[in-house]
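Across the two complexes that follow, subunit A remains constant while its partner is subunit B and subsequently subunit C.
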Partner chain A sequence: MAVLTVTTETDAPSRLPYPWRSRAVGLAVALVLPAALLILWWAASDRGWLAAQILPHPLDVYQTLRDMVASGELLYHTAISLRRVLIGFAIGAGFGLALGIAMGLSETVEDYVKPLFLAFAQIPTLGWIPLLMLLVGIGETLKIIIITKGALVPMTLNTFAGIRNVSPRYLEVARALRFSRWQTLRLVIIPASIPFVFTGIRYGLTHAWTSLVGVELLASSEGLGYLLVWGRQMFWLDTVIIAMLAIGIVGFVMDSGLNRTERLIQRWKRNEI
Partner chain B sequence: MSVTAHLTIKNVTRQFSVDSQTITALQDVSLSVTEGEFVTIVGASGCGKSTLLRLGAGLDAGHQGEIRHRGNVVLGPSLDRGIVFQEPRLFPWLTVERNIALGLENAGVSKAEKKRLVKEHLELVGLTGFAKAYPHQLSGGMAQRAGIARGLVNRPDVLFLDEPFGALDAITKAHLQGELQSIWSKEKITMILVTHDVDEAVFLGDRVVVMSPRPGRIREIVPVNLPRPRERTSSAFGEVRAHVLQSLNGTASLAETRATAGETKPVLPRPAIAAVG
Partner chain C sequence: MASKTPTSVRIRRGITLPILLLVLWEVSSRTGLVDPRFLPSLESVAITAKRELLGNDLIFDLLSSLARNLGGFLVGAVLGIAFATVLALSPLAGRLVMPTFNGVKQISLLAWIPLISVWFGFGEQAKIVFVALACFIPVVLNTYDGMRDAPKDLLEVGHALRFNARQRFLRIYLPSAMPAIATGIHLGLIYSWLATVGAEYFLAVGPGIGGLVIAGRERFDMAMVMVGVIILGLVGFTLNRLAATLENHLLRWRPPRTA
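For the complex of A and B:
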């Protein structure tokens, strides 16, 4: 009998004997499509399927990229955009977290705030720009507000959902153990809603990044979005392509960074095989 | 064992309204439990046994009648009355030892004392070596051990157990019943266990309370005067079991005539477990 109760799966890490090998395979698979696109682009330029003014040759783009990196231009615009996003995101996510917690914990707050909030969330971020331009001009404030809004909405809604989705079974354990409100919040509600909050953070950051580029397209003299517009006006399609690549790569890096952080924080979650 | 009643349930009636219909979960139930006693409550689904347990633990209210613990009316949950649920309800984000320590969160013990008690209870339920494991790394039986440890760590006066082994396989179940019994004889804590398993009720209880459904009432209280640890295969055990089953079968046929179809499950004898003991 004793044997039966001891034989249980322990923390067998679900790893293959050579973790680097499977990771290398995963990376190779992920690169198949980008490589195919690059080949197609190369072929299209070489064979003149599209005029060089419309689709510059990959080698030309590479040359421009090297120049822009060497002159510091690309880094400068990227840094400007990143700074705006981080400030706006910090404000938006902070407010969103607070608002989501308040609405999640109090039905009174929910009743008062949620209808207006949902209506507010329905207006696309870019739809606010004309009004805001008149109110605050086209300076940094406009960009920060737009990004803040982009991060605020998903953060609030996900935090709210997280708190409302805490299992009543856990809350009953908290009651049986005579937890105070604060203990219940600290020991049950917050840890139970962290997965939702993280979803909010990821969506928030993605929204912040995309709305930044939007607002920079319309009203800016610096940043990656500006680089796009400027390149188009000058008909420097290589610059446009580089700006697009930079936007995509920065977004991708931010998202996967968050993904890693999330997994690190939630080690208690079942490892997916 | 003191003569004064430790936990008294007096004329308790509990009604729920579901879709503007009133359902009587418990009707005029009275039960008196003495200190250190092990009472098992057995009955078919819908007989109100879990409702009774939840009222006793203070997790449910709104009943008529009175429940007293050490002379005080039960008005809500208390650290003097622990509870173990059917699902262990461990917090998945905490390790086993931290889950057990939750039971001491409001006990007002020092950090060192907390550590010592958690360690002691890990040992008591046979989970030494799994202190740092997360719940998802445990089997069902081990998770329930941790649930029991969380209920016990605070040294409650009474421990309520709501079908704690209901979701386990027969072998693990029989083993854990034996362990629960030895914990009970070691710790002398009053235990009230709800189950739909007659074998379990007779194996563990000083008295077996047989309940009948719709409305939930106590049909019979069967004393089990057998020395512990009990032999499931002995003829004396078989006699008590037969008695309880007979009493239950009476309630089952009663229920069938009243119940809406498909809601009551007849309770069948479990020879498979008897063979394992």
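For the complex of A and C:
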């Protein structure tokens, strides 16, 4: 149930939008610490307080970054990882949506499927990896299945919660207006559960990305996770650091993009009702 | 959509699919429909479980994993609460550090493993550091939000009563952040178990359930992998339930939340 707990708790409402001036000050303050850390890192490497095997010089990292960008290596591995995530996420989110809708609309389906589903969801994605490695090998299928599983669980649970949380008052209105089943679904249930579905998409994508890193670390010959393992084995810490940054940036871009869309949808929903 | 179906029917429906699956499993492995190397019979899974339990050190593996999990969890939770408290109570510190923290947390947890293994090796120390990091992040986020959301009117009362810093912390900030802290600790417990599994996979030295699973995979022993994976799920489930129960118990004074 970790997925749902996360959903409800970390979604703190966005803070008041500052006017641009205080935002600029905020940004400047926010950059103080990274700048200080960078200077410290630089100085420590320059003076040899840190061995290069522990933390390479920032200039070396920058040089490697430039090489990897110029040779297209970084872009190549990022594209591979992104492609895997998008395929796995599309499958997982599609199935999750269908399963969540089916369980949400029909109590019979819920009774039959939900206990088994929750039992499967209990086992962490990482736990499935060795088991599936024996079944399907370490090829592309393994990665897609693991990512699919990562996206499926939050998507199903949130869609289900969205449909079940439709206010009974709306359903009463729909009954009073003698809506047909299809009308109730189209005009009441779907619009009311869209924000939940969107939360599911956001967490699904985040989980898919995390699962990808896990599976690429364990079994891969391409992708950002592979870059991490390979850099570690070669003791090329600059490569490791660059791969970590790339993983963080991709995760951040996906999450903040969806976060923004989610807020838009929620505002639209508030205005609508 | 109030449930009208009696509980007995719901239970019957709930166990239908699992039982069907088990029967299908048993039939297909008995009749040789599926290669038993890929899908060992229930019996051989049970035998493997017994062998690991009695002959080998399953209990020791489990205890080692749990000890690691709890050790990392405690370090991460204590440091996380202390760190977030400082940041929340000093606005400047919060504005200085939180943006960086939010940036760093974007890096998937598992991506830290290679760097941690360079800095701390493959032994117990590295695993505890990783588990602590996994727990630290949600605890900091939730504690920080909880303290920042301390009711303004209470703070005004505290001001009127001339509370000093310690009183403000003990009587206002801490109690009003308690639910959020509990949530953070709950999440921290879940993440630290995931991290324990991850650490045992990637830093595969020493006893542990994760190591058992990896060893099973290397020996192509599907039954052993299954036993390990089931234990992983059961432990995660138990920890989650324990945390939820504890959370409800500790926060029973809290008025029921109205969404």
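Definition applied: the second predicted complex is superposed on the first by the 218 of 273 C-alpha atoms of A that agree within 3 Å, B and C clash if a C-alpha of one lies under 4 Å from a C-alpha of the other, contacts with A are read in each partner's own complex, and residues count from 1 in each chain.
Going forward, contacts are C-beta pairs under 8 Å (C-beta built on N, C-alpha and C of every residue); 3 or more make two chains touch, one makes a residue touch a chain.
On a predicted model such as this, the values are computed, not experimentally measured, just so you know.
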- Task: Could you say whether A:Leu264 touches subunit B, subunit C, both of them, or neither, answering first, second, both or neither?
- Result: neither
- Name the contact category of A:Val32: first (subunit B only), second (subunit C only), both, or neither. second
- Message: In the superposed model, which partner reaches more residues of subunit A, subunit B or subunit C?
- Response: C
- Query: After lining up the shared chain so the two structures overlap, which partner does A:Leu187 touch, if you call subunit B first and subunit C second: first, second, both or neither?
  - Reply: first
- Message: Contact-wise, after the overlay, does A:Ala70 reach subunit B, subunit C, both or neither (first, second, both, neither)?
- Response: neither
- Query: A:Val173 contacts which: subunit B (first), subunit C (second), both, neither?
  - Reply: first
- Message: Let me check the overlay on chain A: which residues of subunit A are in contact with subunit B and also with subunit C?
- Response: 1, 5, 9-10
- Quick one: in the complex, what on subunit A touches subunit C? 1-2, 5-6, 9-10, 12, 26, 29-34, 37, 53-54, 107-108, 111-116, 119, 122-124, 126-131, 133-135, 164, 168, 171, 209-210, 213-214, 217-218, 225, 228-229, 231-232, 235, 237, 240-241, 243-245, 247-249, 251-252, 255
- Note which residues of subunit A are touching subunit B in the complex, please. 1, 4-5, 8-11, 169-170, 172-173, 175-180, 183, 187-188, 191-192, 194, 266-270
- Query: Taking the complex as given, what residues does subunit B use to touch subunit A?
  - Reply: 57, 59, 77-79, 82-83, 85, 87, 89, 91-94, 102-103, 105-106, 126, 133-139, 141-142, 171-172, 175
- Query: Which residues of subunit C touch subunit A in the complex?
  - Reply: 1, 3, 5, 9-10, 13-18, 21, 38, 92, 95-100, 103-104, 106-115, 117-119, 138, 141-142, 145, 180, 183, 186-187, 190, 193-194, 197-198, 201-202, 213-214, 216-217, 220, 222, 225-226, 228-230, 232-234, 236-237, 240
